[in-house]
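In what follows, a structure is listed as structure tokens, so that the remarks can point back to it.
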Amino acid sequence: MIKANRRKLDLKNGRVDLSHGAGGRAMGQLIEDIFHKAFDNEWLRAGNDQSAFMVPGGRMVMTTDGYVVSPLFFPGGNIGSLAVYGTINDIAMAGAVPLYLSASFIIEEGFPLTDLDRIAQTMGDASRETGVPIITGDTKVVERDKADGVFISTAGVGMVPAGLDLRSDAARPGDVVIVSGSIGDHGVAVMSKRENLEFDTGIVSDSAALHGLVAGMVEAAGAAIRLMRDPTRGGLAATLNEIANASKVGFRIDEEAIPIKPEVAAACEFLGLDPLNVANEGKLVAVVAPEAADAMLAVMRAHPLGREAALVGHVVADDDCFVQMATSFGGGRIVDWLSGEQLPRIC
Amino acid sequence: MCLAIPVKVKDVLPDNMAKVTLDGVSKIISTALVEDVKAGDYVVLHVGYALGKIDPQEAERTLALIREAALA
Amino acid sequence: MKYIDEHRDGRLAKEIARQIAALADPARSYHFMEFCGGHTHAISRYGLEDLLPQNVQMIHGPGCPVCVLPIGRIDAAIALAMRPEITLCTYGDLMRVPGSNESSLLKARAAGADIRMVYSTLDALRIAEAEPDREVVFFAIGFETTTPPTALALRVAIAKELRNFSIFCNHVLTPAAIQNILESPDVRKLGTVKIDGFIGPAHVSIVIGTEPYEFFAEEFQKPVVVAGFEPLDVIQAILMLVRQVNDGRHEVENQYIRAVTRFGNEKAQAQVANFFELRESFEWRGLGEVPYGALRLRPQYAEHDAEKRFSMVTPAAKDDPACECGAILRGVKKPANCSLFGTVCTPDTPMGSCMVSPEGACAARWTYGRLREHAKAFE
Amino acid sequence: MIKANRRKLDLKNGRVDLSHGAGGRAMGQLIEDIFHKAFDNEWLRAGNDQSAFMVPGGRMVMTTDGYVVSPLFFPGGNIGSLAVYGTINDIAMAGAVPLYLSASFIIEEGFPLTDLDRIAQTMGDASRETGVPIITGDTKVVERDKADGVFISTAGVGMVPAGLDLRSDAARPGDVVIVSGSIGDHGVAVMSKRENLEFDTGIVSDSAALHGLVAGMVEAAGAAIRLMRDPTRGGLAATLNEIANASKVGFRIDEEAIPIKPEVAAACEFLGLDPLNVANEGKLVAVVAPEAADAMLAVMRAHPLGREAALVGHVVADDDCFVQMATSFGGGRIVDWLSGEQLPRIC
Amino acid sequence: MKYIDEHRDGRLAKEIARQIAALADPARSYHFMEFCGGHTHAISRYGLEDLLPQNVQMIHGPGCPVCVLPIGRIDAAIALAMRPEITLCTYGDLMRVPGSNESSLLKARAAGADIRMVYSTLDALRIAEAEPDREVVFFAIGFETTTPPTALALRVAIAKELRNFSIFCNHVLTPAAIQNILESPDVRKLGTVKIDGFIGPAHVSIVIGTEPYEFFAEEFQKPVVVAGFEPLDVIQAILMLVRQVNDGRHEVENQYIRAVTRFGNEKAQAQVANFFELRESFEWRGLGEVPYGALRLRPQYAEHDAEKRFSMVTPAAKDDPACECGAILRGVKKPANCSLFGTVCTPDTPMGSCMVSPEGACAARWTYGRLREHAKAFE
Amino acid sequence: MCLAIPVKVKDVLPDNMAKVTLDGVSKIISTALVEDVKAGDYVVLHVGYALGKIDPQEAERTLALIREAALA
């Protein structure tokens, strides 16, 4: 039996070419030598077009997100870490325990193999660190200028602990609003590396998986949690407005209580942005029954990702669904969605 | 675009450029419109250009005036 | 943030507000126009109006360069950008400004135009240098603050022989506009404007100084205070205006002494004078034609003047007749008086100049102040 | 309460612009007026960042695929129908009952809203027709020339009937190979509309969801099915080679037994292609215990999508994992993977 | 498929094979070279060799225009394509052909070169017309069959004044190559070639006729049968060759009388003669320099000759010394005799000319015939 | 690229182009290299061009020869 002496992928200077997406041996090699190697687990090794696992009966959640961040590498992470953490977070926001991820890659012809490998390894690391394996995937290659390096869509499933049912319409007047830490870090870190915008800052993306923090919150006071959201695109402002509209309530928040790093504030001054509109990738907003506020804050602050958790406001009855803010200056204002395209490709 | 903010000059660079900072964030801007910019100066930054220098004494005086007015 | 944080001290502001309340004559009212959108933004962003007594009212002026750009200029820029050889560079603020027929630069991009958002004229120059096969046009807008950066870019382009770099000039002049508000023929039509004083923008005066307002203050007997953009700067300026009114003075005062002088930045002025000259007349969206209210490139730089280089025409285009911007920009009406405000016209779907930029009077009101329109108390 | 009189999306002449991906109201409107309207179901209406559903305990499968087909619209379908059927099929190939789908859209600035709406409606129709709802999704917009119209990544989950365990390494010498119908239709239909390749043919894509056919097969003779695959990218040739390598066996197939439409054969002559390398989107290959071959064929032929099912060969012991074919001419040859990039962007 | 299906009838083939077996003298062996890769492909694709008696053996010749292109020409094309102004148009077959240092057009594309796969010279012309700012170069390869289409494209380009369209000419000539196989100095080094006859490609002779082989058949006393590409055509040609050998004849016979004549398509020949002239010498990958074995553009079309227009140079570049293509192309060795075959050298990672195209001798053997190398019976 | 297949001319089009068919699949090709192409003709198609015409009688004769050889 003659075995073809497969040439190794040139991970130093090689590039993805169209043959890597054509369903032949070159594609098989790319998938095996980069993705399977980085994600390594029993499901991928089985080599099926789908992966199987045992589930207990109960309430499951499913979610997906596409990641198109530009640049692909930024302080504190890259598109790969976002793709793992971001989808885990959308599962965790239901109070659920994330179980498995899928990953669909769309790669531009010419993309350096070394970058692809680095992204895959970051995903593998993130997957091991979070305990959520990437069990199935897909790879497509498109011609130059038909994509922007690489896009990743991940989907994920998780199980909701019995009795928990968090819903976007569950906020009630009197509830308190807690954010798990400082806002705006991710968006500022990404923008700091944008061409034509470049500035220097020590800020790194807050990109992180929140399911550990959430598990603690659910265990301590699950019944008191009305709902959770991760304030990603559109930032805290968009998230609060979404909740307000879904729950048909208003918010009254306190600018002074919102944790913002001085460097983030400074970068926002440079760019003319409001930190409330800037994306986060490792933060959550929880709406919680008022009587559990202190307990919840204590639990959150005991977790590394919730150390700076803060009660930033409360829910009010308001047919107009306004998000109002008492400014640190002493006045009041409306916190609205950002209009338009100010910050594209942040995640 | 209408934004104008005071920033500190950290390094003067060739070609009338300078590196400026604001609370640990730094950026390279043009100082071609302002005479005699030195490291340590504060300038008002607008669309990538320094428009003018901040006079530290006058700034102190303004604050003093404000405090005075506030306590009047 | 030095020179920023200390001017955002709400406690000091409350004290000054208390002073204002104490000084303001309860028997009369005070109407001050902040000319510049930057001030409008600060007033809304920090909720300054909540601190002022009932009889001290702020009127949002026409001082947003994005808002005052007439529809026809947007249409002309879009038509230019749709030409395949053109790369149009623009400040991000302009992307969503509506032209005719619900067009915008953002939609023109979607339709295939090569339009790039830049942070600075330096970026536009870089593009022109890196892509010599493209005709790079900088869509220049703004008051006296952005004009020197445009002039400097032109100087560099000429020095580097970047023949593919040109300017679509829409720079306008602050003093001319302020004057127009008080004296234009429209004032008769719109009714008497009750303005007791003006707050002038500090960054403009960093460049031009305070002197250009002196004639105006004297001529119209209106006090002017040139002020910075931090909330304490603004409230201090209001206090200064109340004092002038009470004293019957109409002087040009300088709140921003930390960077503004009487004669401004002469180096920057020289750059501007070198490349630009006055236009006899130019349309301001909402205000109509303003005599000597704008600049154009001097004829010797025609090669870099996009209007000439590409034989641009500015089509006639009108706003929705229901739009009250003209009256609002003159302080005769408030956004809430417009029947389109907040229903048909919102920041997502702006109908008039005052809604197009977050600094426009209607947009600022929508974003930051709707609460008050709903007559709800905000404690 | 003043309600902003939202301007309607211009579905006739409008285009996707960057504001549709920025996390603000424009994005919300795009998602609601196009995707939620087309996919309409209780999960999307709930407006959460993830969707929840009850599952019974047991073996679940998960899969994902990215769809980048060019052109987006082709005879017999569009990218939207592929994105629904293709992922359902990868679930069905495990013998599983597909339950739920997620959809991640990456849209190029400038993409006509009318095309997006048409694609979304096709997906909605496909989802209703198959009974598999799209319960969660994501929308990103990238700048012009950073994508190619629209890319869709779908993921899906399904439950495997108790006792069934199909695996790619389960083929054993003596097993028979059944294909569910004529091959090459999809690839030829797509290629017929490619720029610079254009030819006229009545061929339409075979794009279809196979879970109904599979359910019948599993019910009738589930225990006899070793494994199933849908021969998509790389065609029947790639699929058989993959199975051979995974199961460490060889195949011997019979060219005359493979159903190929005359028009497909003719188009392949025009293009110099082998129909065995051409993609399918509504066909399956089943490796089946020999004793169940007739029963299986009978069940398959009774289903509209298996009417032309044919036994095309059998598994042989072969350390070299060769796929051998007796040609209709009377000779023998190897059927190999296609090398290189001959047919990019077919799915 | 008329004129196709009837020539793929396996039962008839078996009968003819029986005839061949009956006629073939058991005391001797018959070695026939199918010159053209198209025939190699048909033989492999349909498993024709399975039908032939042991003593009738086919030798795969050098007749694949992709395979015979020397590495240096690929390198030159890649270097050209990497220039930013160039759009290189090429038949898909060339995309994966390896140049030096594991390069290829496919990888050059990935590295940023603008390389487009075309089906026809007509597509390349369309691109040149649609994109007047691009320098569109057609990478022309092939035998006498693809040369007339190239000539025609040139004619259209000149008529339409498409000054941005040029040809990188690599057209080669069949009779010169066949002759070279028998008479080149290498033959001495490689040993005696045992070839009893040749199958010539029908599509080449549709253009050039059968006449150009007459001198050769006479000179080298070897029979030639010009045959079609369907398996029945090929097996009939083999029967015709066996008969000639048995009869001691060495004629040029025409199996493809349905489209081939003695003098060929004179209209097409005139087009070629108008635009092309002989090169004194040209390297064939595997064969070395072949005198008068290729064409170039006539000097009056220098403007459309990419080699001149872009001052292209063809770097010296050599194949792996272990590669046995030279001997294989001359029929002296078989792919299995090469130490690299199927291990280092496969269709996914071709090392020599015979592996680069599916029609190359090594690739055809790998893809269609490895079974026999493994000495396994295929019933 | 080396492919050459017989196809039937369905319509003769302007500019030396023609629509050809093969078992229900049709394509537009150039006939500029062949004299006097008519609808109904069979031509040998190669890289988008007709290279020559098929002579139906000779084709019949070839088949006859093959059949004859097979039955010999």
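Letters A, B, C, D, E and F mark the chains in the order given here, with residues in each chain numbered from 1 onward.
The working rule: a residue touches a chain if its C-beta (ideal position, glycine included) is under 8 Å from a C-beta of that chain, and two chains touch if they have at least 3 such contacts.
Remember, predicted model here, so these are calculated numbers, not experimental data.
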Would you mind naming the chains that touch chain A and likewise touch chain D?
C, E
Would you mind checking which chain's C-alpha centre is most distant from the centre of chain D?
B
Could you compare the number of C-beta pairs in contact for A-E with that for A-B and name the larger?
A-E
Note: chain F sits from chain B at a C-alpha centroid distance in Å of 80
On a C-alpha centroid basis, what's the spacing between chain A and chain C, in Å?
38
So, in whole Å, the Cα centroid of chain E is separated from that of chain F by 22
Whole-Å separation of chain centres (CA-atom averages), chain C against chain D:
55
Residues of chain A that contact two or more other chains, please.
1-2, 17-19, 24-26, 262, 265-266, 269, 320, 339-342
Residues of chain E that contact two or more other chains, please.
1, 4, 92, 96, 106, 119, 123, 348, 370, 374
In chain B, what residues contact two or more other chains?
1, 3, 5, 22-23
Tell me, which pairs of chains are in touch?
A-B, A-C, A-D, A-E, B-C, C-D, D-E, D-F, E-F
Residues of chain C touching chain D in their complex?
96, 102, 106-107, 109-112, 342-344, 346, 348-349, 374
Touching residues (chain side chain E, partner chain F) in the complex:
1-4, 6-7, 12, 15-16, 19, 36-38, 41, 64-66, 91-93, 119-123, 141-142, 145-146, 148-149, 152, 202-203, 206-207, 229, 232, 236, 239, 255-260, 264-265, 267-268, 271, 359
Within the complex, which stretch of chain E touches chain D?
1, 4, 8, 10-11, 13-14, 44-51, 92, 95-96, 106, 118-119, 123, 126, 231, 347-348, 358, 366-371, 374, 378
Given the complex with chain C, which residues does chain B contribute to the contact?
1-6, 8, 22-23, 30, 32-35, 42, 44, 46-49, 51-56, 58-59, 61-63, 65-67, 69-72
For a test of understanding, state which residues of chain D touch chain C in their complex under the given definition.
1-7, 10, 15-19, 24-26, 109-110, 144
